[in-house]
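To start, I am sharing the structure in question, which I have written as structure tokens.
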């Protein structure tokens, strides 16, 4: 048993950078009803500030088209769908974290595409037309949503240009050119719009340095730096439907956050905001780890500490409605989503919902627990038992001593574990129905509720003591509230006069 | 440990008479928004067929008024509110089980009233005006809702006339007169409308016999017999806010059902339908037993067996929105409701929801369990551990052998107990806040979810065996469904390649 | 024909004091679902800031009760219903304009009541208990809604104490005593809560002077002055169901606003805010004028100019769900409501909705028109043709010259008149069904839509000219928006190639 | 002026075949939220029974896929999206009118596609795999929705195989082969499922004869015949965005209905049901006629008479959410939809809503009017003034004599015309904004309400006379209801005592 002595000496602030941004499948999916239902649930219960996804300029949304007039092809910009999409986001309290990409087919210099939905990843065939497109899009956003609003939207140029499958040949010079043209086009509409990049995935952090050097040397605008982070190692096994990997320790990701932050500090732009515009355990949308309790327990430390190093970090993604590797083939399929198909909350969903109950002051924090104080003086904490080894024998018992004044407290907890709020397991028990009936989906939803427990506790001179037991990969939210006992105000009350009660 | 060997030999039908009707506080409350929210939840999740409550003719709904025209008082019938109320019921899938009463002030022969809302319980001061009122009301229902609809509504005359506080002097002759005038008035509008009575409370079953004799002798129409049933004994303690009683065994109520059914069979109208138009444990709306798990465990046998004896039995009442003893004074106050204030489901709510999952064929039934088969051949059962004694040491273990063919089954359960789905206990832990904050109500709602558990099980040659443990007054729904194991259809699947899984 | 030359020279601000507050029937009605539906519609389409009504302390809400403990009666404060009511208001964006009254039966010194719902209008039988009640209520509001919120709520003491039917004997000294005790009780909870009075109806403005003198002399807190205003003369005919009066000219009401404002300026508290906490044409809830187009045309000038003189003026009331003279007896019955039963918008509803489209700068204003400029430079105006004489021959033609720059404008209008958006007339044509069927109510709702018309117009060097025709008591909203003609951006467009089009 | 003397002698039934089915853009669009909002409105206000559209087997829904297992490609059937789509339809009260097509890319024998969304129109590359697919899909529908439900769904094989752009080379023999394989595959799952074809467009009715002969000769199952009907002639002008055509007279389409019905009667299957599975004026989704009042006036006769000849006729389509010629490029763009983007009702929407108010008995019918009697004896009629010539001078006045008994009647009408319920015109006045702001869309919606008018009228010995004036292409619904005049029941009522009223 571990004993944790929490004190009120800390001045540390717990920043909610973990809820600044959330990832989404390609923006065209945002036309879907079920997508919007998932997003509404997420916003009602967690409430992110920004949303980021690929495909703004992809042909399904259809912004860039050409039209023949008097025998001549002219660009035509179609905002019918993107207006509907951004309207929906804003109605749900989400601002776009704009990602510029991929290449419209008519502007593409080559045929290389990525994903089942065939996002074109080649440079423009005509930089002037690209520039015109970017200006038109930016201007349209201002026309429709107002300058004041659009100034709060970051514009990130492209996605993971350091990977050959996301940017033809991972051509760094070409990316810098694209960045320069794009950033300048945006700024030509309004100097105060924020632009940034290079949106790389991990493993090539020299791109960050080179990118900032380029901006400095060429006097190219840059208002933020962005990067992605996944902690999974090379896969053990890859099939059409499954991708299995070992995970690195959570500290690996946090170290990356720190390292890049340091790179920025050491650059010519030491104060630039730093956004992790994607992160998760595995980068594969068919890795079953995403459906597990392990995924939640694993990410707990990232949520707990990530905000110390980065200005936002955006979980990839909020929903299993996602088509990068085709239409989902089964109820559970290893998708990134916090929310599974049919509005079934997955374990990691609850991790975020639990963190959403925390206060803004850190009282205590280690690898397994984050104890916070709320504005009203009450204490809420999240505690987890990450176990990456196999086997069942990994329970953990913790004694937590909270610095609370004498009095009565109402202690309530919610918990997810292998046993509770684990619809993936229930679905296995059902025989893994690929296309479950409505009744089966209803059962999965009912199974996906965290275990609620509560009791009343006294604090004495040494504070309030909690004995917490955690099973393997259990994650638990505990809230401790000072209570006013109104029991004496009920004249005549005597529970022992009820049959069977004492 | 008890062992129960279930067989498929039974031909018994499980009638859903328990969901034929539900009680409500006075009808005027049905104008309230929160009342309608509670009722919508109840209908979505349980789905009663009829609703019955007092106060159709009470002055808050205001049907009977008088108006002066040319210096003369004339009756005026105002249907503004009752139309809104019955419209709401029908939209929620509920038909009125019409209760004729109480007396409009302008027609009352005396000042005696009942309840905080002062329902007048005296005979009419002018039977002709009363008759005119009844005709006008009946005709209006037909005009608005159509004859076909109204013919499905039972009309019950008055409420508990055998009690002096519900009918002046409990004057039986006067009641028979009222019944005769009223029944004839209704039938004069349409002979096929069903009328009945005498709506007595328990303890005076000679009223039933006398009533039927009266109808026979005087040739008065009667289409059904109605009575109430509460199983509580005299109170130990009565204060302004609390009423404590010991409960009789559930069998007492079932015996009353049977006895009255026999009285009817022995009468001149042996085939009349028999409706229990109110029942509950305690008849007091400030008896805390109603908030407990005990209440649910107690009623389980009534729901299980009551339908064998009566054509409907109507739980009194669906919601704690109720004003017979004034506006509720606290979140929990011993009210009758399935649903507590703020849309908090109480334990007995879940009892009804559990029964709503049962099939229509009885495979096995005893004092603690009801096992049913559904139309699709799957099995669902409710099992309970009623303990009316004090003390904690009353767990119960049952081995149930279900007659299921070889194969894999998905077994899921939901459970309420002292520990789970018990918002009354959570509220106590909170310090019994009288007027809880919205956040506290939200916590209570979250606490009020039954414990969900599930597993996969094989049936072998002797069927499927379940070992069930029940704590004191736990009530558990268990559903067993034959499953099709699609696991082999996932090529490449290997859970053991996920970190920490085997 | 009248010609109106609008110029841009004005600096006058059009204050939206007309939407600061709205009146409601007794607060207990706010538990009703249909009431809340009406209020939601009003808030969605108009959006008042405060709501004020009688009955906070009336026995239906039941705040003041007594409970016997150990043989002694003690006060018991029940906030179950008022919490639900104020929660609903705040969810709809409305703050309470708190009216303290009437007297709980248990605190009343006599039996005198007002209204069908029997509000007791006598002084407290025990000023100490009254003071305790006021403190408890005020403290509870702060506990539940927070100090910051409650400091924005005005607390007005009693209603129309200068009338013998609203305050026993219209006893001014007793009112001052009540005011003093109540105001001090509120301030004892928080000095910054705003308190005021004397909430008198018109005709006794010496009460205002006397009240302020009293506050000065006795050092009693006062943060605002309140008064009511109705412009109807003595009735011609009064029956149980109808109350017919002649209306004074609108100027009479505006003169009252000015006069009282001057009284305040001349007092010891010259800067006190002045709130008209009720106004309408007739003060009777059974005067059919409220259902008419005349009512809307009449009030137009009040809405146009009232805000120049008073800090808020609160239309009495938003809905026909109202019980002062009993439950409404028919679909239309002369009720005060903007909204009729069944969610049918009455003509005056649209007057408010039209004013809600106006800008904040007055360009031109006279007895028949208010022309405003919006923040975006566009113009919107309301024009009306009030005719209080009988006969049909009262059309009016106006030529309006708007100071708009050369360009194309989209001009749209909405209009209510005897012919359009007049459900009262349609109901007459239907044969005045008292309790209309759902289909009839649906027809009434569909009839209650203002006539929409639109056209495109050019402004030339002298601006944009509108010729407006108004029938008797027509009220019209006209909105003029500069447009960007995108027609040339459609290559190939040629409407004349559609059959029958040119 | 025309005079129409309506009599009650007719025994003709007005069949609602016009509402049996409605067309939709490709089924994949049914995942969209706005699509479902449009469909919900349509169902609430009109209520079709079936819905038919292309693309069941298109790759966006993704039913047919292949997966590599042990080095071998195997078919994989993915029902994730189609389940969601059919669930949505059924929730909205719509059954699928299943259209089998187009060809999944992996099963296609060639690259030919149609539409912006690239539906493949070539025969299967492997008829065995096709057969397996059809069986799997059919079986899945039965598994999910139940046999009883699926037996009510017609299965139509392919779409317009007589056109080279819809079926490679318009190869009739190949189509018959496809039909045979497909129909037999479906019947192999359940003999009672209805299958049919040949789903041709007009102009090749020998296909019908040949198809039925083929079925007879080859003993191929056929349960219904289907065909399309558009009345537009060859285009005058075609651009990327516009397609202008002259329309033939409505009688041309009705004649086609009759002719094909006769062909069927003369065939070996004389009693087969005949479904028009698509019809409209123009077959082009960029013909502005679809946005006009003319379109509604034109189709009135088709709705009035079409049901005499065909078992269903399915308006193509319910919504402008449609992508055959790419994402819609402007608010109005000549789309087929009853409903425009942003939930703006177009004129033809109201035509359908008007017909939805008609009774089931035809009292009178000619080229301009349809008079019906409802079950309650009241009369409702639709009258229209179709004018296909240019010019404004085409008003029409009609005197209608209705065979109604003496009494008072409430006459109400709703009307669409160039002036009212014409959002296309309002949009033109606005300057044809391509991507209108939310405020502009709101204005368009408000403009799209039919003009409501009403009055009270007496019928005398010759019945009830209506003088109806119609402007060019006006369509008017008139409803005449016998009323009960309750006016005398209001004692004291005297409207003349209201100022300005007589």
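Going by the order they are written in, the chains are A, B, C and D; count residues from 1 in each one.
Just so we're on the same page, contacts are C-beta pairs under 8 Å (C-beta built on N, C-alpha and C of every residue); 3 or more make two chains touch, one makes a residue touch a chain.
Computed from a predicted model, the values in this text were never measured in an experiment.
> Hey, how far apart are chain B and chain D in touch steps, shortest way?
1
> For the interfaces A-C and A-D, which has the higher count of C-beta pairs in contact?
By the number of C-beta pairs in contact, the winner is A-D.
> Based only on mean CA positions, could you tell me how far chain A sits from chain D in angstrom?
Distance between chain centres: 44 Å.
> Can you give the whole-Å distance between the Cα centres of chain A and chain C?
It comes to 47 Å between the two C-alpha centres.
> Tell me, which residues of chain B touch at least two other chains?
If we look for residues of chain B contacting two or more partner chains, we find 67, 240-241, 330, 434, 491.
> For the complex, give me every residue of chain B touching chain D.
Per the stated touch rule, the residues are 67, 69-70, 491.
> Would you tell me which residues of chain B are touching chain C in their complex?
31-34, 36, 61-62, 65, 67-68, 76, 78-81, 83-84, 87-88, 140, 144, 240-241, 326-330, 341, 434-435, 437-438
> Can you list the residues on chain C that touch chain D in the complex?
236-237, 239-242, 244, 246-247, 288-289, 292, 294, 330, 387-391, 408, 410, 412, 414, 419, 426, 428-434, 443, 446-447, 449, 451-456, 472-473, 483-487, 489-502
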